[in-house]
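The first chain written gets the first letter, and so on, giving A, B, C and D; residue counts start at 1 in each chain.
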Amino acid sequence: RWLLDRGLCSSWISPRPADTHKGRAGHLCVLSGSAGKTGAAALVCEGALRVGAGLVTLFVPRSLNPVMEVKLTEAMTLPVEETEAQSVSLAARETILEFLADKEALAAGPGISLHEGTQALLKELVEKSPVPLVLDADALTILARDPAPLQNASSPVIVTPHPGEMARLAGLSVPQVQKNRLDVAAEFSRRHNVIVVLKGHGTLVAAPDGRLAVNTTGTPAMASGGMGDVLTGMIAGLVVQGLEPFRAACLGVYLHGLAAEEASGNATSRGLIATDLLPVIPRLIGRLETED
Amino acid sequence: RWLLDRGLCSSWISPRPADTHKGRAGHLCVLSGSAGKTGAAALVCEGALRVGAGLVTLFVPRSLNPVMEVKLTEAMTLPVEETEAQSVSLAARETILEFLADKEALAAGPGISLHEGTQALLKELVEKSPVPLVLDADALTILARDPAPLQNASSPVIVTPHPGEMARLAGLSVPQVQKNRLDVAAEFSRRHNVIVVLKGHGTLVAAPDGRLAVNTTGTPAMASGGMGDVLTGMIAGLVVQGLEPFRAACLGVYLHGLAAEEASGNATSRGLIATDLLPVIPRLIGRLETED
Amino acid sequence: RWLLDRGLCSSWISPRPADTHKGRAGHLCVLSGSAGKTGAAALVCEGALRVGAGLVTLFVPRSLNPVMEVKLTEAMTLPVEETEAQSVSLAARETILEFLADKEALAAGPGISLHEGTQALLKELVEKSPVPLVLDADALTILARDPAPLQNASSPVIVTPHPGEMARLAGLSVPQVQKNRLDVAAEFSRRHNVIVVLKGHGTLVAAPDGRLAVNTTGTPAMASGGMGDVLTGMIAGLVVQGLEPFRAACLGVYLHGLAAEEASGNATSRGLIATDLLPVIPRLIGRLETED
Amino acid sequence: RWLLDRGLCSSWISPRPADTHKGRAGHLCVLSGSAGKTGAAALVCEGALRVGAGLVTLFVPRSLNPVMEVKLTEAMTLPVEETEAQSVSLAARETILEFLADKEALAAGPGISLHEGTQALLKELVEKSPVPLVLDADALTILARDPAPLQNASSPVIVTPHPGEMARLAGLSVPQVQKNRLDVAAEFSRRHNVIVVLKGHGTLVAAPDGRLAVNTTGTPAMASGGMGDVLTGMIAGLVVQGLEPFRAACLGVYLHGLAAEEASGNATSRGLIATDLLPVIPRLIGRLETED
């Protein structure tokens, strides 16, 4: 069991070579957002850009495209078919799978809604995605109801549940999860062959091969909506740059907590908003890159 | 009668425990905004997030949802039925009451308009809300015309009138209010069993049990549109975190004035805008948390 | 002839009393913006708020209201009838004149377009406005074609032409204006009984009673689109707070140049954008307020 | 062959005279953006404003105008005819060519899409533009398929390919380009009589008269989407101010890399986003202006 501290994390990341270009820095696809939840989509995309993803494309329900075009500048959007609830529909399946073919990862789940059509789409993408997946939020609720796609996934999967989502996924109560955080995360990871990021005070990262890490960063000021969306983007943004998924998850978790500490100056236990984390991330990565 | 100063306010708030999560930090609902007044809605939501509300959901007239999706990122929206004036209509009643059931508070009033349908909705919510209410602006104008719902309210109520609104509520002239600020606030509080925040130089907070506090913070640079909306959000954001309503009102008022002093560097009597207050709030709370 | 320097300007402005409230800080109305030119409208409104206007309401072509609701937060909008070119139409006349009745000033012109219907509206407002007017940009082009409304104006008028607009208004060539800036401004002011702000290096302010002031602030980095819109808002925002129009024009001009110097750190002759000026304005006013 | 360093670049630019006004600082037109790619358009416009372009007008597909009105404030938009893919269509040709007549340059290409109608428009504009052109991204893909318009161009042209685009333009493989960057750029420049900015580590600028410069600034943190759009805007924004095209290209490239170094504090190799560059540009120009 590892402690995610500066020493360990800095050993996993080095400065990028001088001739790095955006084509080599990875292209992340994002499935996030629906009516009322477009903020989640923006935070996933920005989280990925702030750890260095080269390109980010968001699949967006067609009628919400104007909203997302305004909210995002560096990330691009791909308007796709939607349900009557302004969420991405199963009819977008081919477009999305084709688009994924030459990309590096898919982050999916935050704010996608639990509409039937969206559930069907998510499950199909989990099974057929040609690229690694980072799954969070609504995606985890959907998979808790029907975990089969997780078993059938053709690409590596990272799931990032909070204790409530972990409980639903594992068929336990929240207190059962919280009393046995390590065991629950490790067990779920092994059984479903996925990397598990179990959020909460002392976030855990468990890999199917038995690796287990406990985070040392963070602050109670992170207890607000959208923080998890940023984390999803950060982990996925590291994956597209070629980091091994377990390390990407660990680095994402560590940097996410560190960014919250930095953004709040460790000077408050409340009032931080998710957007605050974004601009401080790059220099925190820089510090890790240059330590040995 | 208390003076709202650093000593008193810091005795009412402590750092949140390390394992605080957004589910425990409270979920605020907001009824604010209509055509031409969407800025008010954004300021209420952001004010709440900046004092540490875990989640914020805004009820928004359906056709204005794209506007609010752009203006907000961490706060979520719930598009509901609207009047022909793009304000929330009575037809949204069931949706809103159901949604409120497992939330922690409702902030209502800023920029909701005085449309008949919206007036009917507001009055019904005041009577039936299952969670504490913070009422401001148009909500107070509506209740001044018909104060019955205030008497019938089933949950604790905080009202935040400026002197003009206080005058209308109490059936007095503005000079009558201003000459007897303490008596007017205390009397209205007792009679209607609501907490009264009477704004203006030396804002007062009066509780039905006789507690009365006078604020010591603030600057004339706060004399601009939107400042009150931020205060409404701040008070409601403290309520959802479990603060007793009178203390939430007092802390909100104190921090609101302090944030204006800080944001203006106490260096100007004009030109501050409401948005300026938001980013400085968290560290001001942090200072209160760690004093004893 | 006066030099607009710190000494003179600080003698005209004092800190606002502690009990100033938004109702006493003035309510500015703004007629600005049309398809492609909504940025101008935002800059006028923000300029006014940054000098301390208590409230700002923008008259906006109905179909552009969603755009302006997003661009503005503290300023409110009033959607009104529009032409087929998405500019405010003559049909909005009654709504606007009624709304103006209890307000303190109207800033009109930036980006309103030269559509026939908008021209007719502008001319009628110049004649009938019950509150002082600050006219700029398209408004000046319209009045250059037909200056009669200026003669018939029922309220004080401030015009803020750049040399090209001054030339058109006065029936001269630009070189004729630039070679005789003082005489041209003073003459136009006297003849039309308006305050003239003739922009350019060493901006002039001329009043019909013969007062004439020359500005000492500014930088060539102000040579970019939108700077004039901010000035229009600043002058109008001072008028609504009760400053005498000539002094409001002088203070606006002086502070506008000073804000550009401050925002650019006096360290570049190019690349400043109009938005850069806004956040630095309040403290610059604060410095004037507290000098004697 | 020149090294683009501080000494050389500062010899090419001086402070603008005190009486510079926006009419003399140049008016840039921009053809950029389509559904999903509006961020590119915003970045081109902002890049131009940050180097001192006096005015910027964006040609925008009509249905995307509300999006761009929100994203931009100082830059103006001109809504024009669009294809069914929300890209600018050939039908906008006359409007655009007429508008260009009295402007100073056209930046074209980023995110315009490869729709047939847009391709036809782009090619016609390359041939007939009465003002210098800066071409990037989709414009280069279009011209790679049919380079004839480049030969027939009636105005000076600057192209800004990354190695992949250079390869397509020159009919080579990417490794062939990268092994012979200087020769490929110089040869293409001579043969097509265009200035070539070949991006990548050590960006090259080649002029048809044989001048060749190699950039010394930049960081791997620039490997992210949108960085090239900012560069396109910066070069075009210098052209409209009257800089000779080769020098404008060189200065743009040098400042672009320097801005990235400055924005990242040279402290990270990843996580910078294109927007970060914008606010630091003006002072970097200022330093060049005042060195000799």
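Rule of thumb we're sticking to: contacts are C-beta pairs under 8 Å (C-beta built on N, C-alpha and C of every residue); 3 or more make two chains touch, one makes a residue touch a chain.
What you see is a predicted model; the values in this text were computed from it and never measured.
A.B. asks: Are the interface residues of subunit A and subunit D largely the same numbers on each copy, more than half shared, or largely different?
C.D. replies: different
A.B. asks: Superposing the C-alpha atoms of subunit B on subunit C takes a rotation of how many degrees, nearest 5?
C.D. replies: Roughly 90 degrees of rotation.
A.B. asks: Report the inter-centroid distance (CA atoms only) between subunit A and subunit B in whole Å.
C.D. replies: Result: the chain centres lie 34 Å from each other.
A.B. asks: What is the distance in Å between the mean C-alpha positions of subunit B and subunit D?
C.D. replies: About 48 Å, centre to centre.
A.B. asks: Can you list every residue of subunit C that touches 2 or more other chains, as numbers and ranges?
C.D. replies: Expected reply: 66, 70.
A.B. asks: Which pairs of chains touch each other in this structure?
C.D. replies: Result of the pairwise touch check is A-B, A-D, B-C, C-D.
A.B. asks: Which of the residues in subunit D come into contact with subunit C in the complex?
C.D. replies: 15-25, 49-57, 65-66, 69-70, 72-79, 241, 281-283, 285-287, 289
A.B. asks: Mind pulling up the subunit D residues that touch subunit A in the complex?
C.D. replies: The contact residues of subunit D facing subunit A are 35-39, 42-43, 64, 66-67, 70-71, 162-164, 200-201, 220-221, 223-227, 264-265, 267-275.
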